[in-house]
Amino acid sequence: MLELFLLLAAALFSVGLYGALSQQSIVMIMMGIELMIAGVITAAAALWHFLAPAAADGQVIVVAAVVAMAVEMAMGFAVTTAVFRSRDIDTADAAEDLKG
Amino acid sequence: MTAALFAVLAVLAVTGAVLVFRCASMARATFALLASLVCVGGEVILLGLPYLGVVTVLMMVMEMVVMAVFMVAYMMNPAGLMPMSMVHNRRGALTISGVVFAGLAAGVLLAPWPGRVGTAPQDTTFQAGAALMGDQMLTMVTLGFALLATMVGATVLAVGRGRYDRFGDDLSRPRPDDPAGGGVGR
Amino acid sequence: MSALLWLLAAVPLTAGTALLLTGRRLDRPAPALGVAAAAATLGLAVASAVLRPEASAPLFAGIRAGLRVDGLSAVMTVVVAAVTLAVLVFSAGEKDRLSQGGRFHGLMLLFAGAMLITVTATTLPLLLMAWEVMGAASWALIGFWWRQPQRTRAADTAFLTTRTADLGLYLAAGAALAGGVTALDLDALAGARGPWVHLLTAGVVAAAFGKSAQLPFSFWLSRAMQAPSPVSALLHAATMAAAGAYLLLRLHALLEATAWGGPLVAWTGAATALLLGVAAAAQRDLKQLLAASTCSQIGFMVLAAGTGGVAAGTAQLTAHAAVKAGLFLAAGAWLYALGTKQLPALRGAARAWQWVGAAFTACALALAGLPPLSLWAAKDEVLAAAFAQSAALYATGLAAAAVSAVYSVKALWYVLRETPGDAWQGYDTEESGTRRVTPLMRPPLLVLAAAAVALGVLALPGVFSALRDAVGTPDEPSPSAWQLPLSAAVALSAAWLAWRIQGRGPGPRLLRPAAVRRWAAGWLGLEQAARTLAVRPVLALARATAVFDDRVVDGAVHRAARAALTAAGLARRSDDGGVDALVRAVARTARRLGRAARRPQTGLLHQYYAQAAVGFAVLTLLLLSLR
Amino acid sequence: MADAGSWPSVLVAPAALLALAVLALCSDAVLDARTAGRPATPAAAVRPLLDVVRLLLAQPRRTPASDALLWRIGVLTAPTAAVLAVAVVPFGGHVVADLEVGVVWFNAMEALTWAGLWLAGWGPNAALPLIGGYRFLAQGLAYELPLMFALIAAAVGAESLNVGDIAAAQQGLWFAVWMPVAFAVYLASVLAFSFLGPFGYPAGRDIAGGVLGETSGVDRLLLQAGRWLLLAAGSAMAVPLFLGGGAGPLLPGWAWSLLKTLAVLGLLLWARRRVPAVRADRYVEFAWMVLIPATIVQTLVPALVVLRR
C-alpha cells in the first residue's frame, strides 16, 4: 500500500512538474507548483501512516507543506500583480530581464 | 473498502491534475486543480489524519476560488474561448517529467521500505497539536513568522501605491487619499 | 761651438716652417726670404765646415741625438747649402709659375734643414727623423701643383717607393738595438753582434738603394720629374738622391764588416750606372734623360762606397751635384721659356738663349766626362777604387762612362742645332711658355757651370790627397797614370761617335734593335716589374685580406648579429607563439567558458525549473550511488 | 454522546433540514404578507412554494457561450453544502456522522458555498452574475475569519472539535451566555453565508439579482433552495455550539434542539427583515478591524477558563 501512495505522490509531482515546465502563464506555473506540493503532502502523509505513526513528524511535514503552499500562492500572486502592474505582461517568457 | 476509496480518489486526483493543463478554460483548469486537491485531502483523511485532510480541503477551496479571481484578472483568455496555446518546450517538459516520474517510481518500488514502527494514537489531531505546541514549537514559530512575512511582503508587492502616494511627498497629509473609501477612524 | 751646429740646423728649419705656416700672406716676399735664409745657411755651413763643431742632446732613454761635422759632413753641408742657395735664386726668377711661393720656399728650406741634419747626424734615430722629413718634403714638392692628378700620383709613387725602402733603416735600428749597439751611434754600428750585423747591413743597404733610386727602385725618379724644375735640380739631382750614397759612404765600415756588403753595393752601383745610362740614352724627354743620368752617376758613387773609395765617392757626389743642378736648371729655364722639354722640340734652344745654352753645354760636356772637366776626374777616382777591387768592376764602370758620354752628346746635339722653322709646333705642349728667361735665372746657372768646370781640379794629385785626408781614408787608391788618359780617350771617342750617328738625319736611333730601344725608353721596365712584382701582389694581398676581413671577420660579426636577430626572432616567436598564445588561449577559453556559463541564464522561468529538476535528479542519483 | 448515525438517519436528516427550510420560507412569506398588509392567511404562507412548480415547468434560458458544466456544478454546490454541513449536527441524541473534527467539517462545507456561488456567477458568461459572484467572495473574505474564530472559541470552550462533545460541555452554562460575541458573530455569519437579509449583497437588486440573475428554471430553484437550506443548517448548528444542544428540563433532547433551532430561525428571519443591507467592503472593514480582534479575545476567554479549570 505504501508504494501505491508514493506512486500516486510521484504521479502528482510529475504532472505538476510537467505543468510548471510547459506552461507560459505565471498563474499556470503556480498551479503546477501547487500540484507538486500536493504530491509532497500525499507522500508525507503516507510515510507518516506507514512508517512512523507514533511520532507526529509526518503531520508536521504536512502542516509545513500546507503552509508552503499557502505562502507560494500568496507570494506568487503578489509578484504576478507587481509584474503585471509594471510590465502589463502575464507570461513568464516576457519577463526575462535576468537573461545572462 | 479503504483500498477502493484510495483507488477512486487516486484516479480522480491524477485525472484532475492532468485536466488542469489540458483545459483551455482557465476556470475549468482551476476547479480541476481544486478537485485534485480535494481528492488529496480525502487521501490524507483516509490515511488517518482527519483534521489535516479537512483543513487541506478547507484551505484549497478558498485558495482555488482566489486563484480563479486572479486567473480571470491576469489571463488573456480566461474562458478559453479563443484557441490559444500558452505552452512552450512541451517536449522538453514531457521528457523531464517523464524521467523524474520514472526515477521516483523506480526509487519507490526498489527502495527497501522498513516496516511500521509503533501505532497511531487514537486522536491524531491531538498528537499533531501536542507536537506542534510541544517539541516542534520551533517549527510552529517559524511557520508563523513565515506566514506573517508573507502577508506583509505580499501586501507590499501587490499594492502599487507607496506611502508617498498616500501621504504626499513629505508625508505631511493628515488623511491618506486612497482610491477606495473606508479605513478606520473616518 | 755647438751652438753654431744647432743654429745651422735651426735656421733653415724655422724659416721653412714659418714660411709654410703663414700660408699665402707671405707669398710675395717668400722668394726674398728664402734666398736670405739659404744665404745665411751657406754662411753657417762654411763656418761649421771650418770650425767642425760637435753637439749632442738627450733624445730617448740612453740614446742621445748627436750632431758632428767631420770631413765628409763638412763637404756635404757646403755642397747642400750652396746648391740650395743657387736653386732658390733660380726659383725666385721663376716665381710667377710657382704662385704659392711661401709654400714652395718653406718646403725647400725645410728639406735643406733635414738634409743638413742627415749629413751631420751621428746617431741613427736623429738620422732617421731627418731622413723621414726629407721623404715627406720630396712628396710635398713633387706634388706641388697638386690640382693636377698625374703630379699627385707621381708624388705618391715616389713617396711609397722611398718609404718602402726606408723601412730598411727601421729594421737596421732594431737589429742594432738587438745587436748590442744600444746608443745607436753610427760609427759603432759595425760592432753589432753576430747575425744582427747582416740584418743591420741589409737594412741600411735597402734604405740607401731606395733613396738613391738604385736599380730595383730607380723608376720613382722618372715619376719624380713631375716636380717643378728647381725641385728636380735640388732634390732629385744634388742632394736627396745622393743621401743614399752619402749613407753608404758614412757606413762603409759596416759594409766591410760583412763579407757580402761591399761587393753587393759595388756591383749594384756598377750595374745601375751602366743600365740606367743606356736608359738615359733612349729617352726623348730632356728631364727623363737627366733623371736616368742621375741614377747612373749615383751608381758610380755607390760603386765607390762599395769599393771603399769614400773620398772618390765624395768627389763624385760634389761634382755631380754641381753638374746635374746646372743641367736641370737649364732644362727648367727652357721649359719656362718654350713650355716643352721634348728634345726634338728644343732644337736650337741653346742658340736662342746663349747664356743658358753656354751653361748647359759646359755642364753637359762635364757630364760626358770629357777632360779636364770635374766629372772626368771624379769618375777616374771612383774607377781607380773599383780597379783596386776587381777588373770587371773597372770595365763595367768604363762602359758606363762611355754611355754617359753618349747621352750627354745626344742632348747637346739636339740643343745646339739651328732652330728649325716648324719648331713652334713643339712649343707649349706641357706648359704655356713665356718665351723669355728672367734675369734672376742666369747667375745660378753660370755659378753652377763654373763649379762644374772648376771641380776638374780634383784630378790633381794634391787636391785629391787633401780630400782623402779630410775624409779620413788616406790610403785610398788614386788613379794611376794610365787610367786618366784611357778614360779620357774612351769618353772622347764615345762622344765623337754619338755626334756622328746623331748627325746622320733626324731621329736615327742609337740603339739598333727596336725592342731594346723600347725597353730602355721605358726605364728598363722597372716600374712595370715593380708593379707586377710588388704592387699587384700587395694589392691582391690587400684585396684578399679585405675580402677575408669582409667575409670572415665581418661575416662572423654579421652572422653573430644575424644569429642574435634570429635568436631574438625565435624568442619573439616563441614568446608570441608560446607564451602569448598560451595567454590568449587561456583568455579565449575563459571567454568561451564564460559564454557557455551564460547560456543556461535564459531568463525563461520554465527553463530554470527544468535545469533545477535535472540538477536535483542528478544530485539524488549521485547521493544514491555514493551511499 | 450522540450515538453514531445509522443508515436511516442519513435520510432523516436532509428531510428534517428541508422541512425546517420550508417552515422558514413560509413564515418568511407570512411576515412579508403581514408587512405588506395582507392577511396572514395560509395561502400567503404557501405562495413561495408555488414558485417551485413554476420554476420546474419553466423553459430554462441559455446565455451564449456559457460554461454549462461549471454553472451546473455551482448551482448544485449550494444545497449539497447545506446538507453535508448538517450531517455533523446532533439532533438531541442523534447525529448523522459523529466526526472527530465536526466543527472543521462544518467550516469546510460552509467554505464550499464560496466555490458554488462563484461558479454560479461565472457559469452564464454574463457580467452581472459574475459581479454577484465576486460580491459573494468579498463578503466571504469578510465573514470567514470571524466565523472561524467563533467556531474555534466554541471548540476551545469544549476542548474538543466534536460537535457532540461541545454540546455536552455546555451542561452547566451555555456558551452563548459567556461567549456572546462568538454567538453574535456566528449568527451574522450564518446570514452571510446564506446571503440573506443584510448580507444579500451578492444577490442584490442593484445588479439584477446578481448570482440569481441569469438562473432560470431548475437552476434558480436549486439556488433558492440552497440559500434557505444553508440558513436552516446554520441555525441548526448554532444550537449544539452555543445553546447546549438537546439539554432541557422536560422535553427530550431532539425536542429541545428543534425548539432552539426554531427560535434561532425566528431570530434570523426577524434580523433579515430589520437590518439594512450592508455593502461587502464596509462589512469587510468592520469584520477585519472589529470582529476579528473581538473574536480573538473572545477565544482567549474560554482558553483561560479551560486552562484554569
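Note that the chains take the letters A, B, C and D in the order they are written out, and that residue 1 is the start of every chain.
Throughout what follows, a contact is a pair of C-beta atoms (placed from the backbone, for glycine too) under 8 Å apart; a residue touches a chain by one contact, two chains touch by 3 or more.
Molecules present, by chain and UniProt name: B = NADH-quinone oxidoreductase subunit J.
Everything numeric here is computed off the predicted structure, so don't read it as measured data.
Engineer: Closest chain to the protein's overall Cα mean, using per-chain Cα means, please.
Structural biologist: A
Engineer: Among the chains, which is located farthest from chain B on the basis of C-alpha centroids?
Structural biologist: In terms of C-alpha centroids, the chain at the greatest distance from chain B is C.
Engineer: B-C versus A-B: which has more C-beta pairs touching?
Structural biologist: Counting C-beta pairs in contact, A-B comes out ahead.
Engineer: Report the inter-centroid distance (CA atoms only) between chain A and chain D in whole Å.
Structural biologist: Computed value for the inter-centroid distance: 33 Å.
Engineer: With chain centres taken as the means of their Cα atoms, state the distance from chain C to chain D in Å.
Structural biologist: Using C-alpha averages as centres, the distance is 153 Å.
Engineer: Using mean CA coordinates as chain centres, what's the chain A-chain B distance in Å?
Structural biologist: Centre-to-centre distance between chain A and chain B: 7 Å.
Engineer: Can you work out the whole-Å distance between the CA centroids of chain B and chain C?
Structural biologist: 128
Engineer: Which residues belonging to chain B are in contact with no fewer than two other chains?
Structural biologist: Within chain B, residues 55, 66, 88-89, 92-93, 96-97, 100 contact more than one other chain.
Engineer: Specify, in ascending order, the residues of chain A that touch 2 or more different other chains.
Structural biologist: 17, 21-24, 26, 93
Engineer: Let me know each pair of chains that touch one another.
Structural biologist: Chains touch in the following pairs: A-B, A-C, B-C, B-D.
Engineer: Which of the residues in chain B come into contact with chain D in the complex?
Structural biologist: 25, 27-28, 31, 34, 50-51, 54-55, 57-58, 61-62, 64-66, 68-69, 72, 79, 81, 123, 125, 180-184
Engineer: Report the residues of chain C in contact with chain A in the complex, numbered from low to high.
Structural biologist: For chain C paired with chain A, touching residues are 597-606, 609-610, 613.
Engineer: For chain B, which residues are in contact with chain A within the complex?
Structural biologist: 3, 6, 10, 13-14, 17-18, 20-21, 26, 29-30, 33, 36-37, 40, 43-44, 47-49, 52, 55-56, 59, 63, 66-67, 70-71, 74-76, 86-90, 92-94, 96-98, 100-101, 104-105, 108-109, 113-114, 116-121, 124, 127-128, 130-132, 136, 139, 143, 146-147, 150-151, 153-158, 160
Engineer: Please give the residue numbers of chain A that touch chain B in the complex, ascending.
Structural biologist: Interface residues on the chain A side: 1-8, 10-19, 21-28, 30-32, 34-35, 38, 41-42, 45-46, 48-57, 59-60, 62-64, 66-67, 69-71, 73-75, 77-82, 84-85, 90-91, 93.
Engineer: In the complex, go through chain B and note every residue touching chain C.
Structural biologist: Touch list, chain B to chain C: 88-89, 92-93, 96-97, 99-100, 103, 107.
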